[in-house]
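So that you can tell them apart, the chains are marked A, B and C in the order they are listed, and the count of residues begins at 1 in each.
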Amino acid sequence: MRRVRQKMISAAAALLLAAGAAQAQRTDITVGMQLEPPHLDPTSAAAGAIDQVTYANIFEGLTRFASDGSIVPGLAESWEISGDGLVYTFRLREGVKFHDGTTMDAEDVKFSLDRARGEDSQNAQKALFSAIAEVNVIDPLTVEIRLSQPNGNLLFNLAWGDAVIVAPESIADIKTNPVGTGPFRFSNWVQGDRIEIVKNPDYWGTPAKLDRATFKFISDPTAAFAAVMAEDVDVFTGFPAPENLGQFEADARFQVLVGSTEGETILSTNNKMPPLDDVRVRKAIAHAIDRQAIIDGAMFGYGTPIGTHFAPHNPAYVDLTSLSQYDPELSRKLLAEAGYPDGFTTTLKLPPPSYARRGGEIIAAQLAAVGIKVEISNLEWAQWLEQVFRGKDYGLTIVSHTEPFDIGIYARPDYYFQYDNPAFQGLMEELNATTEPTKRAAILGAAQAIIARDYVNGYLFQLAALTVANAKVVGLWANAPTQATDLTAVYWED
Amino acid sequence: MKGRISRSLWLGAALTLAFVGAALLSFVWTPHDFAAMDIPNKLQPPSAVHWFGTDHFGRDIFSMVMVGARTSIAVALVAVGIGMALGVPLGLAAAARSGGLLDEVIMRANDLVFAFPALLIAILITAVFGASAVNAIIAIGIFNIPVFARLTRGGALSLWKREYILAARVSGKGAARISFEHILPNIANLLIVQGTIQFSLGILAEAGLSYVGLGAQPPTPSWGRMLADAQTLIGLAPHIAIFPGLAIVFTVLGLNLMGDGLRDLLDPRLRRART
Amino acid sequence: MLRYTLKRLLSLAISLAVASVVIFVAIEVVPGDPASYMLGINARPDTVAALREELGLNMSPPERYIAWVGGLLQGDFGTSYTYRTPVAEMISERLWVSLPLALFALALSTLVAFPAGIIAATRRGSKWDLGIMGVTQLGIAVPNFWFAMLMVLVFAINLRWFSAGGFPGWDEGLFAGLKALLLPAVSLALPQASILARVMRSALLDTLDEDFIRTARAKGLTRRQVLRRHALRNALIPVLTIIGLQFSFLLAGAIIIENVFFLPGLGRLVFQSISARDLIVVESVVMLLVFAVVVVNFAVDLAYAAIDPRLRKRR
């Protein structure tokens, strides 16, 4: 029955297309991306590729990220916060339907949030929901979330792809047939090659301008370059080869969007492993690193230098790069002071992305110049998770921390940096209990300074969001406040 | 008919010597420091200063190719060594106990190793032990064992029927002693020729493994990884993909020509058929 | 013959059993956990544990081995950890790329190698012979992935005749599919054709020297007739053996070329599955490949034994 209806819709669409063929405005788009999602349930895996396909297209949450990173209403049209900050009451939009025709109401919200924070939850970001004590249905369009302690981040947390609203009716097959409330519905998946989505004609909000979209998975950077050049794909988000962007910029057929991501790319340091447990040694490493050379050499100039673990586009960002200027002389002096006049040897374990592999080679050369020998080993992600992240068996590593607003990881002594500073942990508790924006900004500024002055990690650069698109495509996000390819407002210019 | 030194042997030996020479020379001299980066001067085309140009970090490609020869030769040579050291005794033992259980087990195990997809196993080995030159050697070496075992067994079997071997048996020598004293020297020619061929295959295999990121780790240059690094830049600066590739081609070509020439020289009976 | 067949069948079964244990053990010791890989760096330990439970990873290794082999015997390859779809389905989908690619490469290499080998053998010592031998010597020495990169540079990036990679699927039509497979097939075929041409040449030279060829010539047959009726047929045995070996190599060995051209084939599937620690997929694909090679060897052995009874005793 459903299939018949879909056929009729597409037949009607084809007729419309034929009628409007004179104007020939394209209503389909092919979006290239590097990684294929393992499945399509954003609430039970960490893979960013899932959000790249589903976020804002197929699934929506109570709140959502706008293209500038701000939090705007999603399925909740408004909310009220109690004076003590412990009760959030959300008013849901009326007439929202899932793609299978069932109605989205307060029961679905309760189901989704309880599922995400439940005991057998497989949510990769379960911590987002840890402040929630209970979720209550007041009436079909009103949900109340009670917290166990005030949490200034709740609205932000609910905007994540891991917090989207799903329905109990369709949850069983969500991994292969995702059913959400978004402006597009899932249509087809050719594993290893592409996923297709089509416009949802019953969307509650402003309908999508495109009729269909195809996500094509091209992991090899050369193939990605060639696919865009040959116009096999119309858009490539997260373009993997910055070295090739110059060629697109020079070509009138294409536009290159350079935005910002939430990815702080850092030289993560094992703060418990001698001699890296000595702040003078970490400071020496920081001064031995020439950030601009890394940005030029590894990213071909794309990326913003950072001096702490915080996104430069965030209003609360403080520029602390001057604390770790490139100064090999000072670096050698600090090493001598710490008792390592001839340097020392440590490990540098690199995960697969090219920022890490290339950046790692450059850092190894820069550290060698001040006498620090690093043994590079290239790891796959699974090995990296096992050895570095869980086993903490590493000296240095390079990772881009792509979760938005994640300075809180420095308050976790068991995190793989093994940084344990009660003063910082106190600041984070204070931050969580604060909702007033200027006070929050002040706390965040202080927190950024603490980790910069402790030289917890080498702060390298903010990863750039690189998108290449056909020059006629309008409405793409330049920035990547979360891993998403929101196609709602995308259309072809005549 | 005695074999003679053919033109292909000369050419092969010259090419091989050139690369071995470059590898040895790189220990004491390279035109530039192979690890020195000069990022503002990246991707320079070949010039009088940088004969093969510079790579994406501004390193001198000529120097890297020289040092890369070291990596390739070392990995392939040790892998052949592993294959011979384990394969030859196994083959000798199998031949000495021809038709017996030991023979059967060794030969079945050989077949089984052959049945495994070599590259996938190499990938698995590095997934278990991590990527490094040593693990590349092991991965390539394992697949050399059955090659030498089979060759040795074949050669030895035909010798065991010879009269002088029978005479040695009658005089009371044990199978192990006969194998090493009488059989091994007589199949040495075969082993040398096969060793050359496995050496060239090892160079290709090392290049393939490091191309997929499983060989020697940076900053040690390796031809395969240089090609992998060059892949996205090939449109911008083709030279960084061309020189390491040519180095592989000429080394392998040299070894193959030398192998063929050696076979002619050492085993004239085969010349007609296999040139 | 029956006894020989039974004996070989038994050793086939033992080989496969040993192979299954080796594969399982080798893959089980691979460090890294599929559940933590999927859930990423912010996952809590209890979440990882919940996923492990669902994937059946909390069973002991012997239990899992028995479940796996038991499934294989019934034709059930299990369910992928990451994709959550049946492994058999994934394999058959990938075979639709890998199998045609292998066949395409084999066809190309045979089409080139046969005439080249024949010309070289019949005009032995001529310029043709030298030229062909020189080119094949070079063809063996060229790493196929490098050759592939150069072809991408020339035909995809500079001339834009082909797309640099990817596979549109057979739904897009036979031509589109073959076009996407052409460059990969050529890069795979180059070294294979070189080897095959050399084998063809030496096999032909061997048979041309045999007594029955001389007899045939003496009977008054022309060179061409002798070649077609006798020499070629006899030379085909070693050539076919090599082709058989090459085919099984192409099926699994295309992994690097599949990476260069970004083809969703079997090799890529294993490569991705290893990095995602989707162990059940790796185990099943490797087992399948080993099974294919072992069975082909078995069939070849039987065929030889049927032709030449002496072989039955020896091996």
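Everything that follows uses one rule, which is that a residue touches a chain if its C-beta (ideal position, glycine included) is under 8 Å from a C-beta of that chain, and two chains touch if they have at least 3 such contacts.
Keep in mind it's a predicted model, so treat the numbers as computed, not measured.
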Original post:
Quick check: more C-beta contact pairs in A-B or B-C?
Top reply: B-C
Subject >> Most centrally placed chain - per-chain CA mean versus overall CA mean >> reply: C
Original post:
Where the CA atoms of chain A average out and where those of chain C average out, how many Å apart are those spots?
Top reply: 40
Subject >> Rounded Å distance, chain A centre to chain B centre (Cα mean) >> reply: 45
Original post:
Where the CA atoms of chain B average out and where those of chain C average out, how many Å apart are those spots?
Top reply: 22
Subject >> Shared interface positions of chain C, touching two or more other chains >> reply: 31-32, 149, 152, 157, 259-260, 274-275
Subject >> Contacts with 2+ other chains: residues of chain B >> reply: 127, 231, 234-235
Subject >> Multi-partner residues of chain A (each touching 2 or more other chains) >> reply: 220, 222, 225, 380, 383
**OP:** Would you mind writing out the residues of chain C in touch with chain A in their complex?
**Re:** 31-34, 36-44, 46-47, 50-51, 53-54, 82-85, 90, 93-94, 149, 152, 156-157, 160, 163-169, 259-262, 264, 268-269, 274-277
Original post:
Which of the residues in chain B come into contact with chain C in the complex?
Top reply: 104, 107-108, 111-112, 114-121, 123-124, 127-128, 200, 204, 207-208, 211-212, 224, 227, 230-231, 234-235, 238, 241-242, 245, 248-250, 252-253, 256-257, 272-275
Original post:
Within the complex, which stretch of chain A touches chain B?
Top reply: 220-222, 225, 240-241, 243-244, 247, 293, 296-297, 357-358, 360-362, 364-365, 368, 375-380, 383
Original post:
So in the complex, which bits of chain C are touching chain B?
Top reply: 11, 14-15, 18-19, 22, 26-27, 29-32, 133, 137-138, 140-143, 145-146, 149-150, 152-153, 157, 202, 205-206, 209, 252-253, 255-256, 259-260, 267, 270-271, 274-275, 282, 286, 289-290, 293-294, 297, 315
Original post:
So in the complex, which bits of chain B are touching chain A?
Top reply: 35-37, 39-40, 42, 56-58, 127, 130-132, 213, 217-219, 231-236
